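Right after this note come the structures.
The same chain A turns up in both complexes below, where it pairs with chain B and then with chain C.
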Partner chain A sequence: MPSIPLSYNVRSIRVRWRTTLATVWGVGAVVAVFVMVMSLARGLKATYVQTGDPRNLLVLRSGSTAESSSQITREELARMKYLPGIERDAQGRPMFSPEIIVLIYLDRLNAEGGANVLVRGMGEMGLVVRPSVKLVEGRMFESGRRECVVSRRIANRFANCRIGDSFKAGKGEWTVVGLYEAERSAYESEIWADADEVRAAFGRDFYGSILLRPESEETAARVTKRIESDLALNARVLKETDYYSDQTRSAGPIQFMGGFLAAIMSIGAAFAAMNTMYAAVGARTREIGTLRVLGFKRRSIYLSFLLESVILSGVGGLLGCLASLPLNGVATGTFGWTTFAEIAFEFRITPELLGKGMIFALAMGILGGLLPARMAARKPVLDALKA
Partner chain B sequence: MTAAGFIMRNALRNKRRLLLTVLSVSLSLFLFATLQTALRELTEPQTNAEAALRVITRHRISVATVLPQKYLNRIRQVPGVEAVSQFTWLGGVYQDEKNFFPQFAVDPDTIFKIITEAKVDPLQRAAFERERTACIVGIKTMNRFGWKVGDRITLTSEIWNCSPELVIRGVYSGGIDESNLFFHHDYFDELMDGFGKTGAFWIKVRDEAAIQPVINAIDSSFRNSEAETKTETERAFQLGFISMFGNIQMLIGSISTVVVFTMLLVTASTMSMAIRERMREIAVLKVLGFRGSEIFGLILAESFGLALLGGIVGCGGARLLYSNLDIYTLTQGFFLKFEVTPHILASGLLLAGGLGVLSCLAPAWAGIRMSVLDGLKEVD
Partner chain C sequence: MQAIVQIRGLCRAYRQGDIEVVALNNISLDIPEGGFTALMGPSGSGKSTLLHIIAGIDRPTSGSCVVRGVNVAELSETELAGWRNSQIGFIFQTFNLIPVLSAFENVEMPLLLTGLSGAERRAHVEAALELVGLQDRMHHLPRQLSGGQEQRVAIARALVTDPTLIVADEPTGNLDARAAADVLELLTVLNRDAGKTIIMVTHDPKAAGFARRMLHLEKGELLRDEEMRGV
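Coming up: the complex of A and B.
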């Protein structure tokens, strides 16, 4: 069965450039909106997924689902610190960081209003158990001097967070002495200082959590069992990476919005494509008759028109993807429900997401092309020629 | 044939196209109405007359930092203060993490003097005040979980280390937020081993003139103390919360723009299709002596009517749909309500009408400019 050459469709599309443009735009807009909103959800999720070291264990009070509601007393801390199975550094100190988080309210840099920002007090091994973190400017805080280091992202979004700046929080002023980066993880939404100073400044006589590094996988299981079965401890142990990946659910509402928008918009765009294709079939009735006389089968005509619709939407999809690309990597932030604080992240457009956008576009093309193509194929030859 | 009849005939000559165009315009306007409503619910705190007389005292550092309970007595003595209650966000879930709704530990004897718009049966209120583990729940939450007065529920806090076991002694309705649960702050303190702290104080002020003096008096009285306070009106407090969401406003705004622009293009292309089909008829009309302005009027009316119809279906459909859906339950409490207000409805229709006018300008102009001869030569 001979098929109608593709160039026929391409030329036809060019002749009707006005309606073509509208359809291409419609499909492109749907794909762009879909990719943008989903990339927001992606970015937020990726931030949590990337946080934590798979070797680390996080100790919380049993029953607590978040660091902010967990409490670990100093007695409990002492009971855990020298447990066998915890990795030691070169000087023989256990890789064990007692931590406390508090929230402070900071003003945004270039906009009105402000947001809660998470301040993490950490032990002297805090950096050692987080090898993904790099100081990019200045130096690490020194304990006893009310100093802190700020993630570069937070410094870019909030006032008084540059090196040398200071801000008031709790009892006293904190001076920023360094900026850090943490491979785009959730740590990049935090400000770090010495745990005991934070406890003193915010009047907490307990710690919130403990981050520790066991010697190996096997010892991790032993350490976990040892801590959880200790009746004097009332603690639970989980992998640090599990703790953070659980928080990806906070991207749920954004994801829902993306799906909802894309679904409704794509139906609208499919209608528009259908309109264009019906008009195309109508305007080319005589051509269709001619094609039939030349010996092309109904099927070929059907496929040809369907293909034309798919080409239209494919071009639209490509343009939509292109239009969304500049957003990749743009920094933004929103409210994290788990921490009650600002979580900074960036739009993240992956090839997979673009692929999904294209599938969406092609689906719209097929949906919009099916009925008009059927109409074209069913036209009686003689009537078509007379038109 | 009247002009209206002529326009109708023209619009209906291709029913399939009419249907598809109206549907795609109405879907766009449906989205527009949905986005604007979502934006409004998220960024414009709902207030009423009662809320105007409420102020909230919280810790200066952040809403998540607690204040000493003993501040209560000093706040109560500030002139202009009618009632004060402790107000602590429990952040608990009922059975499952999905079942999230707002719960607050409060002072049972004063809370309904502050949230005056919440109506409670006096007997239920008395029962609530008497019993240490009693709670009063908003009608929306009662319906959501199918609770009845007398039911026992256990909440597990995700913030505090406690799990209050409560018995429902009353239901309130009225006011903007009918989803809250209120229980005794004393009971919360007991669970927290004599906590002695509260998340915030909610205060009812005597009259409007007293608001600013009360705010100043409270904040200055705790200046340089162990926990400095920030007092603000309920509206300012809520706006502070909203600013934490970041640039969601910009996001929704830009999506709306894309939607509207797309809609414009689709309508414009349909109109130009419809007009180009009729070049010959337009020429005939001219021969018959119709002036350019009259022909333009005919085309404009058709395009305007078509877009407006789409607008009515889209915006009206959104209003109808959302007023019949239980958005509160569907979104698991994310949106308290989802009302397509008359204002949003009007701006949607205005937008639709404007689009109808704009989208026919270029094709109509081309039709009018064309010479009669060219028009008559045109073949369909």
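Coming up: the complex of A and C.
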């Protein structure tokens, strides 16, 4: 079907630059908010998805869904430590790390207030079963001493977390002896120390979980069965990666808030687009009549005005996406609903998310343009000419 | 000469609130091919309504309006749009150029519906603009042209598809005397030299004097049908 040239729409948009700018800004703002909030949720999700080693198994108390609510006694620990099928290091020690997590309150660096930070007490194999974690400065903490290593992200966000600094937590004073990086995983939101020192400082006579490395996939199944079927243990075993994937529900509230905010704002933006297009139809009624006299059919007029609305919202969407791009990779933190501690992560703006932002923008353009375009197409020729 | 427009028993009435207004009452006439006809009459006489029905942008209440064998009243909206594009060149009192398009693009608009190639369209547009003496104003926007030039662009747009009929609704109504004379001279040339059939609505006797036939309407009825000598 022959159509009205695009240049007609583009130039008409340019002529009405004030209303054009207002609409483009409105749509752009909605898309920017949408992309930013969704990138926040994605960053948070990615943090959990990237955490854990697929070879590792995590042991929790049966019925516990998180390390924070799990308790494993020293007797239970002793029953599991030397089970056959657990990988051993060069010195013959089982790759088995009894762990406990506690929350401490730390002041923020260069900002008012503070937040809960997760301290993980771990066994001497804690670092060995986490090969993705690298000490980037200083050294590992020593067993039996009130020392800790801090993730670089936490060190960048909280006071007294640099090497040589110390902070009070529980019954003791902890000295920072090293900084680590953990490939943007959830471990980057933690402080690590010796498990027994943490238990002593915080008055816990139990551990929370055990992280162990089976020799192979086959032995993993055997170890799992052995632990779960031992009535004296009352424990459940899951893959470490599965445990952290499950934590992605932390991103749920953010995702919901992003969707909700974007939905509310998009209604406003769609109305703005509609208003602009009604004004455009009103201002160009005689042009519509002329186009009809020249032989353009109703459908051409309809598509032309709908396209104009889509162009407007498309430009808005593009600007919204561009505005959100500088956030990509920016580190931030939020409250973790499963750990009740600060989780550090990065905004993740992916091409797919930008694509969704653009689709969202175009949808607003179509919704806003439908009725005005219909009105333009339905105008009787004579009435339009007399406008 | 063979009639290109045959109108029989044409009536057009419309409602204004509870009152029925008769715009055209039982009009019958023939317009020969190659003629230059002026429709005259006071405001509300029905001359513009008659022109609009002939041009296929209004519909009669009853009667028929046959243009080159096609009863315009029987065409659907979609058919009418295509028919107007191929058969009618319309010249408006207010020029009705698209303000954001150049003279060239305005003249090209009706050709976009014809299936001609870009090169063919360009050749047609250039020829039409040359005919109206505006080949050097092709890339000007309407606001960069004088009223007379704008109307000449509109005339180029009306004739670029080589239509059966050129209809003009008060084409000099918004022009000064000099520009009006130029436009009327151009219409005369198109009629005399290019053989175009022209129907022009005017209430200006001077403008009507350029036509070869004058139909005088009043209160929706055809009062007089005069042959003119032209100028």
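Rule of thumb we're sticking to: the second predicted complex is superposed on the first by the 387 of 387 C-alpha atoms of A that agree within 3 Å, B and C clash if a C-alpha of one lies under 4 Å from a C-alpha of the other, contacts with A are read in each partner's own complex, and residues count from 1 in each chain.
Keep in mind that, in the parts below, contacts are C-beta pairs under 8 Å (C-beta built on N, C-alpha and C of every residue); 3 or more make two chains touch, one makes a residue touch a chain.
Fair warning: this is a prediction, and the values are worked out from it, not measured in the lab.
Counting the residues of chain A touched by each of chain B and chain C gives the higher count for B.
When the two structures are aligned on the shared chain, A:381 is found in touch with chain C, with no touch to chain B. Looking at the shared chain after the overlay, A:33 reaches chain B, while chain C stays out of its contact range. Residue contacts after overlaying the shared chain place A:11 against chain C, while chain B stays out of touching range. In the superposition on chain A, A:359 makes contact with neither chain B nor chain C. Of the two partner chains placed by superposition, only chain B is touched by A:25; chain C is not. When the two complexes are overlaid on their common chain A, residue A:292 makes contact with chain C while staying clear of chain B.
Applying the stated contact rule after C-alpha superposition, one finds that A:238 touches neither chain B nor chain C. Chain A residues in contact with chain B (one complex) as well as with chain C (other complex) do not exist. Across the complex, chain A meets chain B through its residues 18-19, 21-23, 25-26, 29-30, 32-33, 36-37, 40, 61, 63-66, 68-71, 102-105, 108, 111-116, 169-170, 202-203, 253, 261, 264-265, 267-269, 271-272, 274-276, 278-279, 332-335, 340, 342.
The touching residues of chain A, counted against chain C in their complex, run 2-5, 7-8, 11-12, 14-15, 286-287, 289-298, 381-382, 385.
Every residue of chain C that touches chain A in the complex is listed here, in rising order: 52, 55, 57-58, 77-78, 81-82, 84-86, 88, 90, 92, 94, 96, 98-101, 105, 109-110, 112-113, 115, 157. The part of chain B that touches chain A in the complex is made up of residues 16-17, 20-21, 23-24, 27-28, 30-31, 61-65, 91, 156-161, 163, 226, 239-240, 242-248, 251, 255, 258-259, 261-263, 265-266, 268-270, 272-273, 334.
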